[in-house]
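Some structures to go through are shown next.
Here subunit A shows up in two complexes: once beside subunit B, once beside subunit C.
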Partner chain A sequence: MQHRILIIGNGDDAAMAARAVVAVGMEALVIGEGAFPIADDRVTYKDGWTLKHIEGQIGAFEAVFDTSDGEQTETVSSIIAATGADMVPCSLMNSAGDKAVSFKDLPALLNAKEYTLPMAVVFIQDADVDDGQWVSAIGINLARQVRKMWGCDVYYLCRFIRGSHFEVENAYRMARAEGVVFIKYSKDSLAVMPAEGKTTVSFNDYTQEISIQADMVVMSDVLKPQTQTSSLTQKLGIGINHEGFFQYDNAYYPFTATNRRGVYVIGACKGPAGLNDVSGDAAYTALDIKIQLDELRPIADVIAEINLFKCSLCLTCLRFCPHGALHVSDDMPSMVVYDMACQGCGICGAVCPAEAINLADNGKALMKESSGQKRLKVYCCKNSAKKALDAINMVAQLPQGVELAEMPCSGSIKPEELVNDIYAGFQRILILACYSDACRHVNGNADMRRQMKALQDTLADMGIARDSIVVMDVAGPSSDDVLEKINSAYNAIGLEVAL
Partner chain B sequence: MNSLGGVCVRGVLIVGGGISGCTAADMLAQSHIPVYIVDKSKNIGGKAINYGCKATDTCLKCNMCLTQDIWQNVNDNRYIDIMTGADVLSCQGDKGDYRVMIRLEDGLEREINVSYIIVAIGFQPYDLKNKGFFGYGLYKNVLDGLDVEQLLKQRTPETLPFINPSIKKLAFLQCVGSRDVQDKAPYCSKVCCAYALRMGQTIHHYYPNIEITYFYMDIQEVGGVFSDYYDRLVGNGFKFVLSRPVMVEEAEDGGLEVIHEDLAKASVVREKFDMVILSQGIRPADDVDYIADVFDLGYDANGFLKGIGRWSETGIYLAGTAKGPMNIADSMADARRVAMEIITDYRTAAIASGVM
Partner chain C sequence: MIVGQEKPVTELLDMIKPYKRVLVLGCGTCTTVSLAGGQKEAEFMSALIKLNAAKTGQDVTATTETVKRQCEWEFLDDIADLIEQADAVLSFACGVGIQAIAERYPDKVVLPGVNTKFMGMPIETGVFQVRCAGCGNCILDKRGGICPIARCSKSLLNGPCGGAEDGKCEVNPEIDCAWYLIYNRLKAIGRLDDMKQFFEPKDWSYGRDGGARKLRKEGIAL
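Our next item is the complex of A and B:
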C-alpha cells in the first residue's frame, strides 16, 4: 500500500522531511504558506492550507484542513510537524545603532557589490542566549568569510564555543589560524554603544576591561517558537516544552517521535537542539514511519477496553489519555480505543467515574504476595521500580509482610484500590513512581500525585494517618535506592527489617 | 539462519553488545530477524549498563531510563543469540552471505553465516595514565567520570557512596583527553560536559554545602536552553573557572591542590580541593585496528571507524560510538537507523524471493 505522509511547514526543515519521505518510497502531502522548493510527482504541495484538526491513528489519520475552497479532508498515514522557528534579532541590536547586523542579514552584505570596507568587525555570538551548537557553527563560518573577503580585523566574542561537532571544532581551529581573534567575555560585562560613526563594544575578558571601536557589529539571532506552535500542539495532541517549542521536556522523548504514535516533530520547531542534525533526523523519521506502517502492530501487550454499556460519555478519559488513543465512537454512544495508539498505561481506567474501562486492574500483576501479616503494600511502576527490582532479583531480599504489585504507570492506580488495601489490613502503602519529567506516559505520575493528595485528605478526615500512603520517586538504574526506599517505608511502620 | 521457503535470508551479526549493539538487536528481533551478538566482555551492556541515575528532585535526562527496556528485551529473546567473552576471528564473503569465524569463551570456534554485519564496538574512555600529572590512581580522591557513574549506581536515599564528611570542596576538570591537539584528540567528546554538570547537580542535591567548581574551556550541550541551565547552576553556587589546569598535587594536610592559571591575576595559582573528578573523554575502542582489518573498514580524521563504500552495498554497518563521540540517546537513534535500514532491505529481499 502506498503511504502518504502529511508534512506541516514549507521551509527548509519541511523540504528535508519531504525528501526523506520520498527517499523511502512514500508520498508526501505538504501544507504551508507561500512557495515550496520541491517539485516532485510524489510530493503534493498545498499552498494556503492550514490544519484544523486530526482524528484517527497511525496508518489512517483523518486530517481536516481550512482551505480557500472551504474545508477539505485527507487521509494520511503519519504526520511530521516541521514548521521551523522564528529568528528574531537579539536584544542588544537596538542599543547597537545602525552599525549592527544580525547573523541572518550578514550574507546579503557580503554578497553586495559595493560596500565601504570596514576596518574592524566584532562578532557577538551569545549576547542573549547561547543555546545549541548551531550558534557557533554559523558564527564562526561567517567570521571566516568576513576575514577572507574584507581582510579586516575580526574579533569573535563568545562565552562558549559550542563545538561539539567535529566540523565546528575544526572551523574554530582554522579561523584562529586565519587570524580571527577569539575572545571569551564574562556574562553581564558586555555593553554595545554607538559612538562617533563607530560602535563601542566593551566587555571584560576575565583579565581586564576592554573596549573595541567597531565599524560593524554582527550579532547572533535568537530562535523563538512560531506563533502557531502552541495551537498546533493542541490540534495534534502532542507536547510542548517550557520554552514553547515542540516536544515534552521528558526523558522518554529525545527523538523525533512524540507522545502520539505516528506524529513526529523535526528541526527548528523543536528549539535549538532540534537544529543539530535535521537531515539525519528526517531520514530517521521517514524510516521509522515506513518500518511501522509496513507491519502495523499494537505497541502494548494489554490495551484498554471500554464497556460500551457502562460508558456515560463524560469524556474524562479523553482528557487524561496521554497518547491520543481514545475517541467517541461514530456509531455508538460510547468512547472507543484506537488499538494502534493505546500504550496500555491504564490512566484512563483510573479516572473513569463510571468504571467502564478495563485494564488498570488486569494491568496490576502481583510480583510478591505478603506472607503472614500484611504490613506494607508496594506498587511498583513497570518503567522504573519494577526494572530496578528485576535487575538484581531483589524481590527475594524483601522482609516478610511486604506485598508487591506491578503497574503499567503510577497513573493507573485508583484511589479505591488503596482504600481496599487498607481495609485488607495493610498498614502502609508505598507507591514507587518515576521522577517527574521521566514518566513514560507524560503526566501519569503527576496526575497520580494529585489524586493521592486528595485521598490523603479524605483518609485524614476518617482518622487514618496521612502517611499510610507514601509516594517516592525512583529510577530503573538505582536498585539499591529502590530497596532502601522500600525498607525505610517498612521500618517506619515500627518493625525491624529481617533481611 | 532463517530459511524462508527455500531462499535463505540470513540473520545479522552484531559485534559489540553495548547500548548501540543491543538497541539494534532489539529492533531487528522485533521484526523477527535472527541476530547474533558477539561481545568480548563477560557481559553485554557496554559502559552504559553500569551508569547510575542522576535525578535530583526531578529527572536530569541522563538517558539511562531509555536503556532499561533494551537490556530486558535483549536477554532471553528467542531471536537473539548472545555470545559473550567471544572474539571475531575472520570474515569472508559478500553482502547477503558472510561467513564469520568466532572464538567462543570456552576456546571453541564457531562459524556463523549472516547477511549483514553491524560493528558496534563502542569507545574507550580516555586512559588517564597518559596524564599522570592529574594524580589519577595515585591519590584516592582523584576520580574519573566512569568511577563516579559506577558509584552513582549505588546511591541510596541518604548517601552517595563516594562522598564522605571530609569533602567540602570538589572540582571537575573538563576536557581531560579531549580537544587536545598534542594528545592526538583535536575533537570534543560531546558527552563530558553533560555528564559532569549532571553529576555536580546530583552531588549538590545530596550535599548542598559542598562547593563545586568546574575548570572548563567551553561548555557544550546539556539539553534545553543552555543559558537557563547555566544560570540555574550558577544560582546553585557552582563556580565556573575558565582555565585548563596543569597539575593536581597532594597538599601537606592530605587534601588536593589544583594548579592552574588564574587569568585575572595573570599568574599560576594553587587552589585547594578535597576531591577532583576528571571528565575523561571518548577515544576510539582499543580494538579498532583489529576490527578494521577483519571487516575491511577505514578511519575518520580522529581514528574512529568509518566504512569503505556504501552500507547498502557492503551490508556492513557501523553504529554508535564506534563512529565517534555520541551520548546514549544519539547512539540509540543511530543504532535504530541502522537496524531500520537493514529491516527495509531484508523485507525487500524477502519479497523479491517470494517468501513474504
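Our next item is the complex of A and C:
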C-alpha cells in the first residue's frame, strides 16, 4: 500500500521532511502558504491549505483542511509538523546602531557587488539566550566566509560553542586555522554601542575588560515560536513546551516522535534544539514512519477496552488520554479506543466515573506476593521503579510483608483499589512513580497526585493517617534509590504520629 | 445535566450507622457525568464503608450497583432483588432518583449520598457551573442566550445592578457579571435592543411556587 504523509509547513524544514519521505518510497502531501521548493511527482503541494482538525490514528488519519474551495478531507498515514519558527533580531540590535546586521541579513551583504570593505567584523552569539548548535553552525560558516572574502579581522564572541555534531566541530577547527578569533565572554558583560562611525563591542573575557572597535557587528537571530503553534498543537493533540515551541519538555520526547503516535515534529518548530540536525531527524522520522506503517500493530501489550453498555459518554477519558487514543463512536453511543494509538497507560480507566474502561487487571501485575502479615504494598511504575528493581534482581530480598505490583503508569491507580488494599490489611501503600517531567504518559504522575491528595483528605476525615498513602518519584536507573525508598517506607510503618 | 457533589464521607458513615447491609447505588446518567455518583464513586464509597466497618469492629456489608437512571421505575425494578436484600439504599443519584427509590420501595430506607447542586455543565475538566434555574418560563430569547436568573447573583431580570467591575460580579470577583455577558452577546448578535425589553416581576407560579408542579405531555399522556 502506498503511504501518504502529511507535512505541515513549506520552509526548509518541510522540504527536508518531504525529501526524506520520498526517499523511503512514500508520498508527501505538503500544506503551507506561498511557494514550496520541491517539484516531484510524489510530492503534492497545496498552497493556502490550513489544517482544521484531525481524527483517526496512525495508518489512517482523517485530516480536514480549510481551502479556498471550502473544506477538504484527506486520509494520510502519518503527519509531520515542520512549520519552522520566526527569526527575530536579538535585543542588542536595538542599541547597536546601523553597523549591526543579523546572521540572516549577512549573506545578502556578502553577495553585494559594491561594498566598502570593513577592517574588523565582530560576530556575536548567545546574547539573549544560549543559542543552540545550529546557530554556531551558521555563525561559524558565515565568519569563515567573511574572513575569506573580505580578508579582515574576524572576532567571534560566544558563550558556548556546542560542537557535538562533527560538522560544527569541523567548521570550528577550520575557522580557527583560517584566523577567526574565538572569544568567550562572561554572562551579562556584553555591551554594543555605536561610536564615531564604528561600533564599540565591550565585554569581559573572564580575565579582563576588552573592547573592540568594529566596522560591522553580526548578531545571531533568536528563534521564536510562530503564533499558530499553540492552536496547531491543539489540533494535532500534541504538547507545547514552556517556551511555546512544539512538544513537551519531557524526557520521553527528545526526538521527533510525539505523545500522539504517528504525529512527528521536526526542525525549528521544536525550538533551537530542533535545528541541531534537521536532515538527520527527517531521515530518521521517515524511516520510523515507514517501519511502523509496514507492519502496523498495537504498541502496548494491553490496551483499553470500553464497555459500551456502561459508558455514559461523559468525555472524561477523552479529556485525560495523553495519546489521542479515544474518540466518540460514529455508530454507537459510546467512546471507543483507537487500537493503534492506545499505549495502555490506564489513565482513562482511573478517571472513568462509570467504570466502563477495562485494561486486563487494570494493567496491574503482581510482582511479589506478601508473605506473613501484610505490611507494605508498593505500586511500581513499569517505566521506572519496576525497571530499577529488575535491574538488581532484588525483589526476593525485600522484607516480609511487602507486596509489589507493577502498573503501566501511576496515573492508572484508582483510589478504591487502595482503600481495598488498606482493608486487606496493608498498613501503608507506597506509590513509586516517575518524575513528572519524565512521565511516559505525560501527565500520569500529576493526575495520580491529584487523586491521591483527594484520597488522603478523605482517609484523614475517617481518622486514617495521611501517610498510609505515600507517593515518591524515582528514576529507572537508580536501583539503590528505589530500594532505599521501599525500605524507609517499610521501616517507618508504625512510627508515624496518628494524623 | 444535573450536577451533584458527594456528601462528606463522615456524614455518610454516620448516616448508615444503624444499618448492616447497605446497597450503594450509583446513577448512570447525570451524576456519573458530573463525576459525583457513578459506579466509580459508588465503588469508592463501598470500599470506605467496608474499611470503616473493619476499623471500628462493626459487621457491615456494602454492595455496589449502578442503574442507567434512578429516576425511572423501570430501571429500579431491574434491581428489585438487590434492594430487597439491603437494609438501606445509599443512593448516589440526584434528589429525583433518591425519591424515586423511596416511592417505588415504600418500606425501604433510602439515604442521599449526593448533594444535588444545580443544572449546569462542565466549563473545564472537573469544574461545573450553573446555567439554568428551572424557572418554568424561559426568557433566553430576550437575554442573548444567557440566563440572568441562574447567572446573575441577584437574579435581576432587568440589569445590570451597577456594582459590576471589569465585567466581574460585585458579589464575588471570580464570577462573571451575567449582565456584562448578556450585553456583549446581544451586541455581537446585533440585538442590543433586547436590553430595553423590560420584564415585570417574574410570575413564579410557573416555577417554584404553587405547589408541586406537574406536566402533561399532550399527545403522549394517556
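Worth pointing out:
Basically, the second predicted complex is superposed on the first by the 490 of 499 C-alpha atoms of A that agree within 3 Å, B and C clash if a C-alpha of one lies under 4 Å from a C-alpha of the other, contacts with A are read in each partner's own complex, and residues count from 1 in each chain.
What we mean here is this: a residue touches a chain if its C-beta (ideal position, glycine included) is under 8 Å from a C-beta of that chain, and two chains touch if they have at least 3 such contacts.
Owing to the predicted nature of the structure, the values given are computational and were not obtained by experimental measurement.
Taken together in the superposed arrangement on subunit A, subunit B and subunit C fit without clashing. By the touch criterion stated above, A:422 is placed in contact with subunit C alone, subunit B being left untouched. In the superposed model, A:132 lies in contact with subunit B only, and not with subunit C.
Geometry note, superposition on chain A: angle between subunit B and subunit C about the Cα centre of subunit A is 140 degrees, to the nearest 10. Comparing subunit B with subunit C, more residues of subunit A are touched by B. When the shared chain is aligned, subunit C comes close enough to touch A:461, but subunit B does not. When both complexes are overlaid on chain A, the residue A:477 reaches subunit B alone and has no touch with subunit C.
In the superposition on chain A, contact of A:352 is made with subunit C only, not with subunit B. Superposed on chain A, the gap between subunit B and subunit C at their nearest CA atoms measures out to 26 angstrom in whole units. Residue ranges on subunit C touching subunit A, taken from their complex, read 8-10, 13, 28-29, 32-33, 35, 38-41, 43-44, 46-48, 50-52, 54-55, 66, 125. Only residues 24, 126, 128-133, 160-166, 169-170, 173, 184, 205-207, 241-243, 249-252, 254-255, 271-273, 276, 280, 283-284, 287-288, 290-291, 294-295, 383-384, 387, 390-391, 434-438, 473, 475-481, 484-485, 488 of subunit A touch subunit B when the two sit together in their complex. Within the complex formed with subunit C, the subunit A residues making contact are 310, 312-314, 316, 319-320, 352-356, 414-416, 419-420, 422-423, 458, 461-464.
Residue ranges on subunit B touching subunit A, taken from their complex, read 31, 51-53, 55, 57-59, 61-66, 68, 71-72, 153-158, 179, 181, 186-188, 190, 218-221, 223-227, 230, 242, 263-264, 266, 301-302, 324-325, 329, 333, 336-337, 340-341, 343-344, 347.
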